[in-house]
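Quick one: the structure is below, questions incoming.
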Amino acid sequence: MARVGIYGATGYTGFELIQILERHPEVEIAFATARSAAGRRLSDIFPTMIDTPLMAVDAVDPRDVDLIFTCLPHNTPNLDQIIARALEAGVKVIDFSDTFRLGSVEEYERWRGKPHPAPELQAAAVYGLPELYREAIRNAKFVANTGCYPLSGILPLAPLARAGLIADGNAIVDAKSGVSGAGRSLALKTHFGEAHETFSAYNIGRVHRHLPEFEQQTGLHIIFSPHLLPVFRGILSTIYVNLRPGISPEEVRAVYKVYDNEPFVHLLPAGKLPELRHVQNSNLLLFGIQPVEPESGRYIIVSALDNLRKGASAQAVQSMNLMLDMDETLGLL
Amino acid sequence: MARVGIYGATGYTGFELIQILERHPEVEIAFATARSAAGRRLSDIFPTMIDTPLMAVDAVDPRDVDLIFTCLPHNTPNLDQIIARALEAGVKVIDFSDTFRLGSVEEYERWRGKPHPAPELQAAAVYGLPELYREAIRNAKFVANTGCYPLSGILPLAPLARAGLIADGNAIVDAKSGVSGAGRSLALKTHFGEAHETFSAYNIGRVHRHLPEFEQQTGLHIIFSPHLLPVFRGILSTIYVNLRPGISPEEVRAVYKVYDNEPFVHLLPAGKLPELRHVQNSNLLLFGIQPVEPESGRYIIVSALDNLRKGASAQAVQSMNLMLDMDETLGLL
Amino acid sequence: MARVGIYGATGYTGFELIQILERHPEVEIAFATARSAAGRRLSDIFPTMIDTPLMAVDAVDPRDVDLIFTCLPHNTPNLDQIIARALEAGVKVIDFSDTFRLGSVEEYERWRGKPHPAPELQAAAVYGLPELYREAIRNAKFVANTGCYPLSGILPLAPLARAGLIADGNAIVDAKSGVSGAGRSLALKTHFGEAHETFSAYNIGRVHRHLPEFEQQTGLHIIFSPHLLPVFRGILSTIYVNLRPGISPEEVRAVYKVYDNEPFVHLLPAGKLPELRHVQNSNLLLFGIQPVEPESGRYIIVSALDNLRKGASAQAVQSMNLMLDMDETLGLL
Amino acid sequence: MARVGIYGATGYTGFELIQILERHPEVEIAFATARSAAGRRLSDIFPTMIDTPLMAVDAVDPRDVDLIFTCLPHNTPNLDQIIARALEAGVKVIDFSDTFRLGSVEEYERWRGKPHPAPELQAAAVYGLPELYREAIRNAKFVANTGCYPLSGILPLAPLARAGLIADGNAIVDAKSGVSGAGRSLALKTHFGEAHETFSAYNIGRVHRHLPEFEQQTGLHIIFSPHLLPVFRGILSTIYVNLRPGISPEEVRAVYKVYDNEPFVHLLPAGKLPELRHVQNSNLLLFGIQPVEPESGRYIIVSALDNLRKGASAQAVQSMNLMLDMDETLGLL
């Protein structure tokens, strides 16, 4: 049994991670931390029978485990120290923040317009997308788990982009996410009375914090429009692309053969599109591609994933399985 | 046109009140106050085209208007000063708090077990339930608007109790409320992810703050079980009573003749029960009474109302219409 | 008081129409028809206190009224006879079907690829969009009420298209609708368990029945992607356009001055976008326009309306007010 | 690997059963039947990656398997023939209908007031509640799976009743169920627009089809009030009982020691009550008991379970595990 530690167990991704790991046959949770809930038990905080004790960060030692997950809010002050201390001790790390996803200090600073908070750690970080970086993850000490929104576009778009099929280098991604994507911290926009029985767009025409990895991984210029759905979990993205004219729908579908043996990423049969229900509570990313005017190259892709699973915690477990040399699908089927 | 002022415009009841008054043909809103949102406009805070400016409490003068509504959180420190200042100036007051509903300082202190915060104001307060206290409200300077939960039981139970039909002096009220009843202040229990797609009981077997007026108005011993529904507005209560044996269902229905001319309170035909949809966005309280085992006196009443309308702001406007000598139904149909 | 008749009172648009007309100060409902519910009352079918009797179609005479609304399912066999009989008797007609919206028999047959079912009636039909055809509606005997989806795009796009600002003649309309848009007839896709807590795209890349009027009214080539939201009412559309480069956002906003005096159509201030909550239960269409990359002409429009109100029944009342020479906003504020 | 067959795979309980069995390590699904969907695959009907073929009833042979589940609508005409044919061949049966739950032909006819449709099968049927009838189920050839509503009351009430603690032999069960309890057949009451954002009571004061087993298993007179929640899955029941006075809350809790070793039934700690979220998607039944006025014996129990899991398909798998001599919790944790 491998031993793992979880920093930040009382957010939605941390809790989801614990639920997945509790059923994992080859892993045990050595510790789970919380800030305000330190000293209590998971079952005091969440409606669950899982009775994990919640520890203060200072009360745990990352060197006790084989791998830690850091599911802490963006900009947690001592995140880089936790990671550094673990890596120094030979403990592997999967980080959920958006700090280490951009490949290099230069890229971080170019996109964010500010100094990288932990440049000495960046070089070790591997982008945590097994379908594209499986071997690198297998050998990684440090994995930067992906954003949930970008994943909904990167996996369907990357093969098209790599095959040179996208005519103009652009994609429009009209993305709709459940409310859990906004986290468990209290805010008026996620208050029941404000998020229920409504629907809204946000950050339209602005640079969302997830855009850099999205453009970087696809090499495309992305128009990204996030929306807030009145459901708890799931992202469905409707993606508009102009492919090179003169290519048949069958040729387009052929580029997705790269996913033929993937356990969790599936192109649906022609004419079928995924719904949120297909993917909720699973580690699946499903997508369909529909020719709109194939002669002029207009196609629409619809992709769906569970933002807390494939978009966050289940994907982290998929990377963990690779890093700990286990079957990649353990605990995820 | 009468002029009214609203204290506390950015809670759900304050906003609901403004929406009702905006359509009222004989009233204009002279001012609306807010704490943190003072200086902004209602349309900055709520999704509405109503552009009422929001003022600081210190920036308005209750003496400018004919009547004020105080829709402030329970235990707002200077509530009694606002009320006192208005009453002294001859301005009428409708208060939404639960401070002045219990009829006398003695009753308040008996139920609450602590000193009344404003004993000098209590004597003037009339319980704001037009169906039971119409004449008193018509002559009142100061009305204490009722609680939303008790209303769902008081109106169906009071006629039975007054007619001496309740065999054992008890009633069980299993009440289910939409989330808006918990207000607009942020709390984990009203966070979308915690309140959506679930259902729970709360305060079971404890004294809810609404219980005293409930028992006082009915003269019954009430077992009251509140529950939280994953809808925005509405209360549906299922009420269990044991009536005196030997009374026919027709005789039971006859005690509700007192409501025959009420515009907003209706007993449904035999065999029919209200649903939340019947009453949402209206000032109606609908109820049905179903004999379960009429020979042994077991009956079930189901009542429904909109907690933000009949349970709060629309009922306040009904009282206002009486206090300002207008048609009782103005703005409410 | 004008007298109106309603054909098809037990669908969602018919019921919505009755609710609006019940509050209309200058109209009375002379009759309402139903098929399977004929002989019963509206309150037997819907949770309402409105007690309109429901008549068989054969039991009513359109000549008894000033105007009829035909809210019948698409392809109701005798729809054209009902309309013809009314028009012959000088009774005005507002039809909710999509049969008479396309301006001419030729256009109908070109778009639908089949013969027009009632060519003799088409010439009299005026497209029921008051903001674009106010004078024609005022003088019309016969109005074809618009589709709900197209409206969400026509009103924001038509001024841009007419001003020649759309660079490539294209628009992508990613539209999201509440479930009431699918009507009250039973179907698995609108069964609670299949539509709740999920989200899906449908008819992607296919010709939706609403597309012809959409393209015709804007003169644009429209990529239209409908989606099904787990809410009851409302449509929010996210619209992607490429405007001619070199035009400032202020110049773009200036084309919407045509709506400055419209009571129900509003461009929101720069930086603001509508949410479904802003428009639910109202006759408003709200929209915002956001420059994404103004130098290259990329803009995103977000528009919102209530599909049962501005998208159907309230808009029909707006047309009725014009046709009966009443204040256009009566019953709609 | 044991082989099982499923009759009625396209209802909610059938689909839930397949999802559970797909993860069961010691069972394989040999066939699944459907009526109108025969010849198609499960993934054509449900949003799932499970690709089970759906067969006509006539195309399968129950003698090919070790055990069959009959998840057919109540009153399916040939249900008894399917069961008889299987039992004759030595194939075990778990039936989801409410035909065989009442213990004897006499009890059936007494409660239902009509002849038993298959008296020759009744004697073999064991009531499928492992917590009460574990040994009988282990030895049974034929198990009648319980109703979902009764379960929410039987498990908390039976120990109190058996201990003689219920003073008056009565219990009031105010039960609230998610919409999936009404099945997947189309009906107006489960149409999205009629079930969403509302709440209602039904069958108040009437004999619900689940009442007989409820009273029979507890020996109590039950006042049972079902309600329809706008959620998909889960039942929460609020239960009012009068216990014998003079018993302490600790003594009351002590009667639940019978569940101490149960894997799926848990009394929560004093002061805690379950919410629907605690049990959704699990085989758990959780309950809490709250003294209201312990001196006079008034207690309230709140219990929660997932109607499709513990209330139906997961419970059936729990019985199957016993009948096939497997670990009782296989596939259910």
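We just call them A, B, C and D in the order they show up, numbering each chain from 1.
We take it that contacts are C-beta pairs under 8 Å (C-beta built on N, C-alpha and C of every residue); 3 or more make two chains touch, one makes a residue touch a chain.
Since the model is a prediction, treat every value here as computed from it, not as a measurement.
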Pick the pair with more C-beta contacts: A-D or A-C? A-C
Farthest chain from chain C, going by the mean of C-alpha atoms per chain? D
Centre-to-centre distance between chain C and chain A (centres being mean Cα positions), rounded to whole Å: 40
Note: chain D sits from chain A at a C-alpha centroid distance in Å of 38
Contacts with two or more other chains, residues of chain B listed in rising order: 47, 197-198, 230, 232, 275, 277
Touching chain D in the complex, chain B uses residues 172, 174, 176, 194, 197-202, 204-205, 223, 225, 227, 229-232, 234, 236, 238, 240, 273, 275-277, 280, 290-292, 298, 300, 302
Contact set on chain C toward chain B in their complex: 23, 47-49, 197, 266, 274-275, 277-278, 281, 284, 333
Given the complex with chain B, which residues does chain A contribute to the contact? 12, 47, 179-180, 184, 186-188, 190-193, 195-198, 230-232
